[in-house]
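Read the structure below first, then the notes.
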């Protein structure tokens, strides 16, 4: 069974007003997601604002989510750091805490070519007993992960899957095709939350949509429609979800880390899933007016009465 | 006196063949640089391959260079990490080890706007007693640091200087002018190793040239010519240095972290300053043929007999 | 009926070895396309190498294709030039020659903002009696056409459709959704030749695939499967087509104008549809070895015996 | 003598309110520039808003400026169009009208590699009797012109000079050095109006500053100071000019074609050199408030009483 099969939300990290982790809200969010039928959880991703956490906070989040999930779904853990030995330090701690897999980006700050990036993954995987998933997120690092390199790493058993947040659908489809031709060593998943129907049609195993924090059940219905080949239903569900996704465009003139995630948090707070939409310093939460606009969209989508 | 005045090389980090730090070579390199007349040292910069070091190795480098410098020149320390609290952890360790200043980039992996980046620097500076120098290196992170933000942070006393490795000379000149108009709260330094004459002419306080690891005395002569207003001599020295800089173009088809730094290391090894041109995994050192081409250029420049 | 409905290939422009237009091959290609069941023709697009033609050659191509099509399918004409008055000159000539519509890019060489680009389209449309289709091809010009601007221009009756070659599928889907919400003033078509199944699923009216010069009937089958809601058949056809599309990756290290179009021409020549794969100066045609590799893929795809 | 030696302003193109060419203002501007001591004129450049002119208007501008200059300074003519044969058509008309040289960009809209771009210049030059100057302006086209290609074309006699508006000073310096090493086949000129002192120091033959439309005499003083090796005077003049250049930053939130050129026109109108700051459709002229801010800076610079 593909490790990235189905809906695997990148779990938001709730904060108290004083900047500390809001673990009660994190518990509630995890129950909301599992209750919605998701197939796995991805913690310490970009949507989880991992960049703003200390190592101790990273460990606390991992420990808590694994405890709450209690084996009901696998928990995958992000490990962003500059280069392989630093990443491996995070990955080993996650493994010790019970993670099902780690999600690893290309090196950050470093300027590497494709051969060096492949070795980066090899260095990380060689030090672990759990699967490594490659995380393709070029907007946050210098490098797009190449198709041939990924399939080769899959063949070698270095990586077990790819989470694609590159926004390059042609590259994604060529990856899916090349992976299939190679005997499907990789599980392939898309972060394109507004295109999951099309991505399932072309052969994606799963999706990692930030918006699934707000509406996990919707994404699960979409996935199930795709599983049974009912593409019109999948598309209708995706279209409904996309109207909800407009919450991400409510905050205008914000930074990349403030707008979409701020809106997802505001929506979850409006639904009572987490206590507040607090953001980590130096990012400001949405304004009252923006929150009202988000809530209007959530209400229109039928999630809020 | 400007903290970034004069020639402040970004110190290379030598390695043994087994990947461990070559501290004897580091000592030798520091003596080479101080002997060449440099005005300060910048350790754990991009040229120092800081991305490839663990925290323990970072501390070892800082401790060793400060011990070897023994107060003859100030030692500035790079602190790259994802966001402010993580950066601050590195910066405090550097401060405790005796660093004269820390050199801080915009957040990495995070996607912040200008206001958030300004707060990032405020959060770091608030936790330190030593000066903070802003490091503008957009090729390694998502953000170019804006002129108005930098001058404002200077006025607030948050940052004491700017090391500009952006390659945007117009922006640099406008920064120099705006800083002067504001009463020069900032010390401003360029990483443009082939343009130092022009940068001194327009008002740069200093330079941070990776190539100065190879030829510190040449950059010192260039700076001194500029200091006394002998611009023809400065230009002639720069032109001579630029022919030496062609070593950085010897390695073709290499990654950004492999070519230039690999050539600087090969040249230092050829000069006997460090034991070898070893690079940290997963980067490969220059080939024997590339090393020979580097040596030919170093010889032609009159540094090697 | 949507003006961009169905399969509308961007017609290749065949050349003789001396650089002159090969009109007999152009006739043959048009018959091949119409015989394959395509719903319209788009001449003087990027695949038609319009950039390399003089005004007189542009007119000759338009005249000849309209004569050969003889009303069986509509013929749309590209009009790239720097700004509105220059574009309008081309567009009026196309109108006079019987074009069904013109396909207009954002200004070239100019550096305009969204309001200026909208006015650019208004200036062009005001001088014409035939519909204007906006051509979103940011790789060849500085500007991505914004969703809100396009829908607004549709509402005003300035443009009748959008040919999207931006490769930004999220933007395309948001355009499709916003257009539908506005009462569908626009016909929307994708240039993403390897993703047509997914684009039809999400609501595209048609596609403009360069590869359809080689296999028009395949794209027509794909479109018809999508029309009747048989998404598995659409996907299977797209997957088959995508294996054929690998011809575009045969030429390595070529320019953007040499590789893909060179491969399409080589394949059409192999099929006997055009006389040769000649390219306009200064572009070189594929090498004999590359042609052989293209032919092998075409043969494997079952198009060549 | 270098064809690009000294100060060669890119001449603004004045318009009447109805969009037609304001030739009386053009005459006045040419007299202002020649009176200021400039060494040549460059018409139909980006600052001349060539993109917005028809072919007939291009010819009118060329004819008029050559007539007004009356042999006092050479007149160079820009010829932007998509590819070589189209460029050559403009270039031949300019030659027939008496142009001293043509200024040719890389292909537009086309996607060519370095070898194809080199052939593009060869195709243009082969059809002309007057010198070709390569215009490196990557912000308006897809391609940065490579150093080795430019020097090679200089050696072949294909091009006589390079006007560099790339903003890449390291590349410019390496071009200057490589050109000198090759025996200086090329005349090299910078479009970096705020860095001319440094560019002259490193060996530029001349400059092509848009701001020289406003203050030609200032740039001439700067050049003359550099010629006699008085670098402190050159720098002081450049610093003074740079305070004047802040007019280009007065218009905020404008397009690339609206802000700087709009400010240059507003300043020339304030000085009485041209009748108005009218811009070609669809670009709007500066607002009254912006014009007032521009005038305040011009007054502070001592150009306006």
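Order as written gives the chain letters A, B, C and D; numbering starts at 1 within each chain.
Heads up, the rule we're going with is that a residue touches a chain if its C-beta (ideal position, glycine included) is under 8 Å from a C-beta of that chain, and two chains touch if they have at least 3 such contacts.
Because the structure is a prediction, the values reported are computed rather than measured.
Placing every chain at the mean of its C-alpha atoms, the farthest one from chain B is found to be C.
Although chain C and chain D share one sequence, what matters here is the overlap of their interface residues, and that overlap exceeds half of the numbers used. Comparing contact pairs by residue number, the interface of B-D is reproduced by A-C among A-B, C-D or A-C, since over half of the pairs coincide. If you average the CA atoms of chain A and of chain B, the two centres end up 36 Å from each other. Separating the CA-averaged centres of chain A and chain D is a span of 50 Å. Under the contact definition stated at the top, not a single residue of chain B touches 2 or more other chains.
Taken together, the touching pairs link the chains into one ring where each has two partners.
Contact annotation for chain pairs lists A-B, A-C, B-D, C-D, with touch applied as defined.
Residue ranges on chain B touching chain A, taken from their complex, read 46, 50-52, 54, 80-86, 89, 105, 107-113, 115-116, 119-120, 122-123, 139-142, 254-258, 281-283.
Across the interface of their complex, chain C is touched by residues 167-170, 173-174, 177, 192, 194-195, 197-199, 201-202, 229, 231-232, 235, 238-239, 242-243 of chain A.
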